[in-house]
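Right after this note come the structures.
Consider the two complexes below, in which subunit A is the common component and subunit B and subunit C are the respective partners.
Let's turn to the complex of A and B:
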């Protein structure tokens, strides 16, 4: 897109978790990249594999394992660098902000101590100097009275303040890539706006690239340059944010966008929602994983899995509606993006 | 914080008073008293027995005996042994070092081994090592300390023809003899606490290692040693401390039997003999001392909680 070499390039990533019922694949064949300084949002419902993808990049999967594909960061494959190198990369090159600031800080140490720890893990800095840097970081993330705050314990701070501390920890060593896993989901709406603004400012000032995990299309619009839409462990659509939001190509993306309640909706009307639920990873549907919930599904969807169709430069969508080969041409054209009565048109199928 | 400690001390004194009253009353329900024991098989007459009872003050009603005991006790006079006529406090002070040595050694053995095994099991969770540690812990939890003491004694005697000394010598007098004498009862007493502490350390560590703040520490690029000892361990210590406090009571109780078995002249042996002899002043004084020791330990553990966890500190300072 930007013509630069990607900072992070995830290719055909597969992550499996062992369960009592056998291994489940939480992330299947996921590919995307993040260029220096840009923000890429990964969006999807719970269970779509977006957080697992982020944790896989950090090498912080608890019981899961990367079973295939590569996670290329600059010129190293993070899936195979080994724990020692991965430790050097974490915090120094790639940092992460988590969803629940209330439980993400160690309750027994002052926030200053926890920032100093992050600095001294990667920098040969004296304690005094690191403490000064911690105070500077707290000031930079907008905490009032940072000297005093550095001596506070996490329980003495509000959720928003705790998340600012988490951001300070993440920025401690000036990472090139910041992964934010739903950083505002646990916060009040007003605080959310402040935190998002802060992250945008810091990203601009430091030139940090950001991988932003969210389920909120509003946040995507506000934060990201590009967006990757995931469903049941697969990428279903990706492209520039304005293209995807203004002209969604995949029925799932359309359904997600349609689920955002508008302020004008009548109180008596049902909230728009996608029918059904994200399938269990133990029994992923055959063919296209979205077909049981898709309003535009037709007879090809349950039997064959659609590939990612390259529909424009930097724009992909995983749907049989895009198939322009002779086998799919009739179908693709006939159904169209409006998708009205797609299944009724099954008779016209060419092969 | 000072107010909190004072409150706890007052509370402790109330408990101590209740324990005293309870023991005093309970002891009168034991059939046959000191005089019966002393005069058994001597052919003494009822008149002689009655004279002796009145001399010892045993003919007075219980509440009156209790009243005069409490009156003297607050002045530091816990009475004299019915048998040797020595002041109970002196008897007690002579013997307490031995019991503290035994109990202290047992707690140190239990705590150190328990922490080490618990950490190993948690770090190697799901492996054969973890399994072995867990089986060991359950086994030692299930074997009573006196049975274990006897087993060790028998095994050493049978296989190595070795027996520990049975005459007590202080550690400054003859350290080797002291160590040999103390080793088996201390190990027998310590293993149950070891087993409990192993299990508590393991489960508490596993819970903390799976928590989100540990993920944050890892995301900073920290190694496992920092994760384990600076963060997970300190967060797990509170649960373990609580258990150590409870273990103190078990260990003190255990000294009564093990001192008897290994002929260690400590307060355990003193109280055991005193119960058999119905030597009430000794029994009561020992009980009060054990209860006092337990209460003081609990207060110390309570203070350690606040030292470790700033949230507990804050709650106490707020007077909640």
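Let's turn to the complex of A and C:
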């Protein structure tokens, strides 16, 4: 993965929203990249800035503004290309699938028409030809009887079918990058599995890279090659999916993974959860933003903000526990009860 | 309103099964997508479908056609000259000679009614259409610009609306000379803010919809998004608003005629007939019953048409 040139390279991205209480930084200093054909998942709780990051890449921030950093797509900086070029890129180069398919389709047009629109925005195609392509796309996303479906209005389709249509629209111009913003959150579990499978198949067939926004670790495991964990507008950990899920280095990632309810947990026991709530961006905690909720926080956490520590090749984590300098070594206690992570950490610090 | 029902997540989600697919009439499976006719043929097909699906709409359309025919062919339809005074037949009750009677100056009520359709129809249709277009333009622009510009535009509209309509009309009566075009101008000024208000509210609502974001995400420009997605999605409430205000305009036109800046006498207008007839209610009730009835029917017909159009243009309500 490291050998190829990244398709999308987000560096030190900052996004601010003006509010009545003053500017709020929804995304601060976020960096990651997406290579051709790979899937990168961005995970985090609500309010972690993951959707804002996606919208920033698309240039679709309404009131927010990119205040710093760069978003490079191939060899263009999306933050500064200008509206006209950005319009060409949207749909043609980078397409997006939204969270709620029920509202993402215009209720007044047939789904066939909406796909035709998407095609004709970027391609000099005749109406007939575009309609044929629309039907082909609907067939490709697995809608039964695509000729008839093309004539259906969105309300005549189920949620899963609507999301398939959204995917068809996104793929209409064969984009190199697909941004999926929680595409299955609004669907029920059986449909979710179908849609995820479909997206994987299409991605393989078209060689599309995917930026997958989700809050569901299960989806991450199923879809992604690499994962970026975000908390309160910052990247706290990133790395290959197997590594991060099997051996989470950051206490936040560990807590997030620990809060996945398992079927073996007793019905009377409390569901595992991270105590507290995501901090309001108006009053971000001092030092490490996670420290008020962190089970492993120590005296350094509230005072100094940890940098991203490069803990292995292609693996970063933002936590003072990784600090191997003398100042960090003062800290004695090893990480909490989560066995594997703690021991791995211990080894890391000893070496 | 109806527009919220279909989009609500309350609808049962059956995993990937067509929800109402079976109700759509089976169409011959050809490999081509919907055939689209253009121009006149498409309009004709649309009209036929409208008459088939909207029964009440068809009735209202028929009534409105009658009014339009009345207005256009008034000279052929009216039995007498609407200005001719039969001095010997003042306030005569309906009879074989004067089907709807005569007024206080001995003019034939039926002829005046038929000619009156001209001023009433022209004034109310032109006013409603012009205010609809103006109000939509202002409202959508304002809603899209937002922030300070929106504030300025809306306060301006509020200022117009804060003046009682009658006072505003009186003021305009002083400024403008009485004529049909002044009536239209005056009423347009009074009514445009109402359209603006609905258009702005709808714009604010629609611009937050995901399908607008989705349209932009496929590379649609702002103007294109506005024309293709925002305007059509606000057509239903605007249509309803138009039919409601149309009724108001017909009545306001009569009020204006009464005040002397409406259609100037002796040109017949329904409003003018009503106001002059009001003085003779006990003596010659036919003077007021005929124009009153036709006014009510006109208002009713346009209200029905508004409702029918709204239903017709909403694909979720199609049967």
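Assorted remarks:
Basically, the second predicted complex is superposed on the first by the 329 of 351 C-alpha atoms of A that agree within 3 Å, B and C clash if a C-alpha of one lies under 4 Å from a C-alpha of the other, contacts with A are read in each partner's own complex, and residues count from 1 in each chain.
Here, a residue touches a chain if its C-beta (ideal position, glycine included) is under 8 Å from a C-beta of that chain, and two chains touch if they have at least 3 such contacts.
Only a predicted model underlies this, so the values are computations on that prediction, with no experimental measurement involved.
Partners subunit B and subunit C clash in the overlay (superposition on subunit A). Of the two partner chains, subunit B and subunit C are each touched by A:107. Looking at the shared chain after the overlay, A:6 reaches neither subunit B nor subunit C.
The partner that reaches more residues of subunit A, of the two candidates subunit B and subunit C, is C.
When the two structures are aligned on the shared chain, A:287 is found in touch with neither subunit B nor subunit C.
Of the two partner chains, subunit C is the only one that A:160 touches; subunit B does not reach it. In the superposed model, A:64 makes contact with neither subunit B nor subunit C.
With both structures placed on the common chain, the touch criterion links A:233 to neither subunit B nor subunit C. Legend: residue contacts after superposition of the two complexes on their common chain; A:87 is shown touching both subunit B and subunit C. Shared-chain residue A:117: touches subunit B and subunit C both. Only one of the subunit B stretches 22-30, 58-66, 166-174 or 238-246 carries C-alpha atoms that clash with subunit C in the superposed arrangement, namely 238-246. When the two complexes are laid over each other on chain A, subunit A has residues 58, 60, 87-92, 95-96, 98, 100, 103-108, 117-118, 121-122, 153, 155-156, 166, 169, 172 in contact with both subunit B and subunit C. Considering their complex, residues 3, 6-7, 9, 13-21, 24, 26-27, 29-34, 36, 209-211, 213-221, 228-229, 232-233, 313-316 of subunit C touch subunit A. Those residues of subunit B whose C-beta lies close enough to touch subunit A in the complex are 210-213, 215-223, 226, 230-231, 234-235, 308-311, 314.
Across the interface of their complex, subunit B is touched by residues 58, 60, 62, 87-92, 95-96, 98, 100, 103-109, 117-118, 121-122, 153, 155-156, 166, 169, 172 of subunit A. Residue ranges of subunit A in contact with subunit C, taken from their complex: 58, 60, 87-92, 95-96, 98-100, 102-108, 110, 112-113, 116-118, 121-122, 127-128, 131-132, 134-135, 144-145, 147-148, 150-153, 155-161, 164, 166, 169, 172, 186-188, 190-191, 194.
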